[in-house]
Amino acid sequence: MPAPSLGDYLALSAVLFAIGAAGVFVRRNLITILLSIEIMLNAVNLTFVAFGRALGSADGQIIVFFVMTVAAAEAAVGLAIVITLFRHRESLNPDSFTALKW
Amino acid sequence: MTTYPILSMITFLPVLAGAAIFVCSERVARWLALAGSLATLAISAPLYSHFDKGSTGLQFVESVPWIPSWNVVYSVGIDGISLPFIFLSTVVSVLCVGASWTAVQMRVREFYASLLLAETAMIGLFAATNLFLFYVFWELMIVPMFLLIGVWGGPRRIHAAIKFLLFTLAGSVLMLVGLITLLRASGTLDFQALAATRPNAALQSWLFVAFTAAFAVKVPMFPVHTWLPDAHTEAPTAGSVILAGILLKMGGYGLLRIALPILPDAVRLFRGPMLALSAIAIVYGAYVTLAQTDVKRLIAYSSISHMGFVTLGIFTLNRNGIEGAILQMVNHGIVTGALFLCVGMIYERTHTREIAAYGGVAKLAPIYSTFLALFCLAAAGLPGLNSFVGEFLIISGAFDTRPWYGVMAVWGVALGTTYILWLYYRVALGEVKPGLRALRLDLDLREVATLAPMAALVLTIGLYPESVLGFLRTSVAQLVVASAASAAVVGGM
Amino acid sequence: MISSLNAIVPMLCVTAAGLAAMVAESFRDPGERMPIAGLGIVGLVGAAVATLLLWNHNVSSFGVVSADNFGLFVTWILIIVGALSIAFSGPTVERERLPAGEYYALMLFAIAGMMLMATASDLLIIFLALEVLSIAVYVLTGIRRDSAQASEAAFKYFLLGAFSSTFFLYGIAFTYGLTGSTHLDRVGSLIAAQAMAPTPMQLLAVGFLLVGFAFKVSAVPFHMWTPDAYEGAPPAVTGFMSTGVKAAAFAAFARVFLTAFEPLRGDWGVILSVVAGATMIVGTVVGVAQSNVKRMLAYSSIAHGGYLLVALIAANDVGKGAVLFYLLTYAVTNLGAFGVIAVLDNGDRANDRVSDYAGLWNEHPGLAALMTIFLLSLGGFPPMAGFIAKWYVFSAAVKAGDNALAIIGVLTSVVSVFFYLRIVVMMYMTSSSQPLRFPAVPKIASVALAVSAILIFYLGILPTRVLDWAAESISTIF
Amino acid sequence: MAQAIAFYFIAACILGFAVLVVTTRDTVHSVLFLVLDFLFVAALYVLLGAQFLAAIQVLVYAGGIVVLYLFVVMLVNLKRPPEAHEDPHRRTKLGFGLAAAVLLELGAIAVYGSVNPAAPMPATPAIPVSGNTEQVGWLLYTSYLIPFEIASMLLLVAMIGAIVLAKREL
């Protein structure tokens, strides 16, 4: 069994990204949609680290560090919006929103 | 030659007056509008006294770089073709202010501001010497006209205003496409430079279609004329007068200024169809006019017929035809404008436009009927009055090139005499309708003062057509020669 | 060391103003009125002065933020956007009883993020700036917490925004993998040096970045969030995000694609042409069918995004200033239109349906006239700024050989006139059955509206100077 | 060899848990699967020599962010009956279609890349990145100073935003 190459890492992260993207479309629960986006972000992070290793630089890791910050910020705001939504509607199923066309 | 920028002054004085109107009271607004339009007329006087009738070039030229990085120049200037239109614009605007004095009671300031903005757009259009400026003023005309029809018009004004807008915008979008294409092909937008570097024949055909579509809507030529009856009928008197007096002329002027000199090969190619459409407009317009029962609608359809003469004259491509066409546009502006003023004045008293409601007006209002008779006879083309000369020139031009169209035009004149005299008969002669007796039908001094200049023009041009023709002879000759030269080149290839 | 921070001084001014707004808010007694908006204006003035001082100096901070004239021109646009938005926010904040300190602070942070995005010359900075402004705008969209519609709008905006951010980030990842750098200069020179372009990896990077940007500038087919977010947000915020976010996103878009990915122009140009054509058509055609003014203007802003894309595609020697000039005129005009909507918003009654405008002329002739000016300028009528801007874009497109795009642009802009004029017809030609539904107009907002109108006429009648600035500014990046 | 086995095992776990996150009906379980998923991603970071990131991933991502999710899920009490699918297959198909399209595209590129090996990627890592905290820290406070400051601003904005939106009384 050969050692994992850059291509293997990229393929892994591509599949992970695809799973996340599919999750955004498939799921009908707001929280799981947000979780799917987190999976996508992790896939991208994996790509950065893999590239960084291949290039022999630590820049990739630094970028991932910032992406984590972004993910934290997005999670905070996204969940806050979910809470306000929940106050108006006792459901988190996106199809139950009627005020605006989806 | 004058040393001060006379053309820019007459172009922008009206809009400045229009802006000033907003800071004064409604009572002052009327006087300010009158002062603005009269001042414009007065300032334009040197244009006629200092005009060199023998010169073929542009006169009173002003040229200032506007957007240097695009090579766009603010340049105005006039030749014999544009001068009559500027005259018409300045005169008609004054009369419109007068005609609306009592008719408009709602939103007076905005009304006069729109009117004056329209005047700026009209004068600017006729003075522009490059296509960019021409387009700017062309578009600038749309909004005040839209508001004049849509705000101060009759009961179906919104419908009429939107129909007007729909047709006009459809035309101007094609013009814009043509404009950009022309700019790319020739690298310039100056009329004279464009006439010198003509695009190749295939491109000319496309450009002709694009530009002529815009102009045909404005003229309006058959079959894009359907907006005109609605717009005329619903517009307030001043709006109708501007429409008939000037707006329709923008189309004819565009054909003379852009299609003929810049796209001569395409003009020759499309000449047959254009002549045919003109002839259809003359005859069809006349027949439809006969069937109308609404005075304003009747005059509107007669405009279509009369403007058919104009396009017929232009596309004869000979001197008589084109001179006749320009004269016909001036005459139509005066006569139809005056007829709309007459209708407006009596409408203010009776509040009906149904012909059937009138009768025997001559007995009740002798002064009014005299004016009406004069303008009706002029519209019918009575020799000695202005329209006769124009129609005569156009018909003789048509007989020189395509006799059958001349025959159609004569037929149109005969029909025109019928419908206009029948109109006069129904309105002014016959039994006095009972409802009219109680009204004070005859004109007051202001109204006489509004109509008198029109009557004077009708007589002056009718008896001494050289007063107009003298100005445009040289320019038309040059236009015809240049156009023929291009045909010779094409023929020689 | 200090001087290396010069390039970010405009953002620092705005950020400081945002912090000051927060501090002021925390010392405010309940019910006490405080001129918090004034702090924002002070910050923006500071930024304006800094921008003026930086002009032509081409300063760079750490090689990742470049205050070149291109970025500074967009910064100017953003300062105007910010000042006008703050002026229009007054009525909204008061009538909707929004938390003033947080509202203005978020708006100022968003402006700082936008400025940063416009001047960033590193993909990582662009991403972070994008997130700063996006998060602030998500919150502003949903800041009317008592409104279910606003919360839904915020969530949809957030969801699609976060989703598109991941695509954008994936694009950055591939760019990094491709060149070992996120710095635009290095990326550009390395891509130009890679011989057999385009490689699949390059296309992947370009494609993902394109998707990310397309979401942010609401290009078709990534425009679905726009109408909902625009309708749900308070009108002042809608005006702010329809102009500011677009300006910042287009600035970054132009910088990334005209510098770093310039060698691949043949590839992205084609895709972008299709997107631009579809954007203009969808924005215009769907816009015709709208009965809500905010929704209608949302589709209108989608269509204008299409024109901006045309400007980007046609950015050649002749037309390269078109993007900047169009952004400026669009910002002023669109903000003005939303300013009128914001002023008419009555708190308990939004007054944002087309039919609500019936007879506006009788009650507020001045507002009706201003709205007419804004709408006509959006429709591209001379002598308003919109005409010059559209002329610039379309003639640039024709000169670049994109005749089809130019023709689509001309046709759609004429169709769009019809939906703009629907409002004019409502305001002038119909009368309302329910009188006095419109609130009084606050002074500051009316001054701001007048300023927008004057700018529109200035840019429409005497555009030369600004046109030249725009062309010179963009030549600092390519 | 050992590295390869570790990689494939971790990769399989990452993908498996990701699928579970997306498909599980119970939201709490979804979040817990996400924690597991992220832990395995952290393991992969160790494999790639990025120990610092691995620590951050565990502490901040799995320990902070995901726990925040869990907190909100508990708060809004999502254990209510799972969402009612009227047409459960339409969206599922769309999602799988999308996933398949992305995979297909990537596969095509991979094939293309292997057929034309000229794609200019540097060969296997020359010197393994130290991945130590010292190096990352050094970079973070020198050449990445501005991004670092922006990130702090980002967190401030997010904090204000979250409070504005979620707090009951301001």
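Per-chain numbering from 1; labels A, B, C and D assigned in written order.
Going forward, contacts are C-beta pairs under 8 Å (C-beta built on N, C-alpha and C of every residue); 3 or more make two chains touch, one makes a residue touch a chain.
Please read these numbers as outputs of a predicted model, since none were measured by experiment.
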Chain nearest the global centroid, as defined over all protein CA atoms shown: C
Chain separated most widely from chain C, comparing mean CA positions: B
Length of the line joining the C-alpha centres of chain C and chain D, rounded to whole Å: 31
Whole-Å separation of chain centres (CA-atom averages), chain A against chain C: 27
Centre distance in Å when chain A and chain D are each reduced to the mean of their C-alpha atoms: 6
Whole-Å gap separating chain B and chain D, where each centre is the average of the chain's CA atoms: 72
For chain C, residues that touch 2 or more chains besides their own: 124, 128, 131, 135, 138-139, 142, 145, 154, 177
Contacts with 2+ other chains: residues of chain A: 17, 20-21, 24, 34, 50, 52, 54-55, 57, 59, 66, 70, 73-74, 77, 80-82, 84
Listing of all chain pairs that touch each other, if any do: A-C, A-D, B-C, C-D
Chain A partner contacts - residues on chain C that touch it in the complex: 124, 127-128, 131, 135, 138-139, 142, 145, 148-149, 151-156, 158-159, 162-163, 165-166, 169-170, 172-174, 176-177, 180-182, 227-228, 231-232
In the complex with chain D, residue positions of chain C that touch it: 8, 15, 22, 61-62, 64-65, 99, 102, 105-106, 109, 112-113, 116, 124-125, 128-129, 131-132, 135-136, 138-139, 142-143, 145, 154, 177, 194, 196, 199-201, 204
Chain D - residues contacting chain A, complex: 1, 3-5, 7-8, 11, 14-15, 18-19, 21-23, 27, 30-31, 34, 37-38, 41, 44-45, 48-50, 52-53, 56-57, 60-61, 64-66, 68-69, 72-73, 75-76, 78, 82-85, 91-92, 94-96, 98-99, 102-103, 106, 110, 113, 121-122, 124-131, 135-136, 139-140, 144, 147, 151, 154-155, 157-159, 161-166
Touch list for chain B against partner chain C, complex: 65-70, 110, 135-136, 139-140, 142-143, 146-147, 150-151, 157-158, 161-162, 165-166, 169-170, 172-173, 176-177, 180-181, 183-184
Interfacial residue positions of chain C with respect to chain B in the complex: 365, 376, 381-383, 387-388, 392, 394-395, 398-399, 403, 406-407, 410-411, 414, 417-418, 421, 425, 428-430, 463-464, 467-468, 471
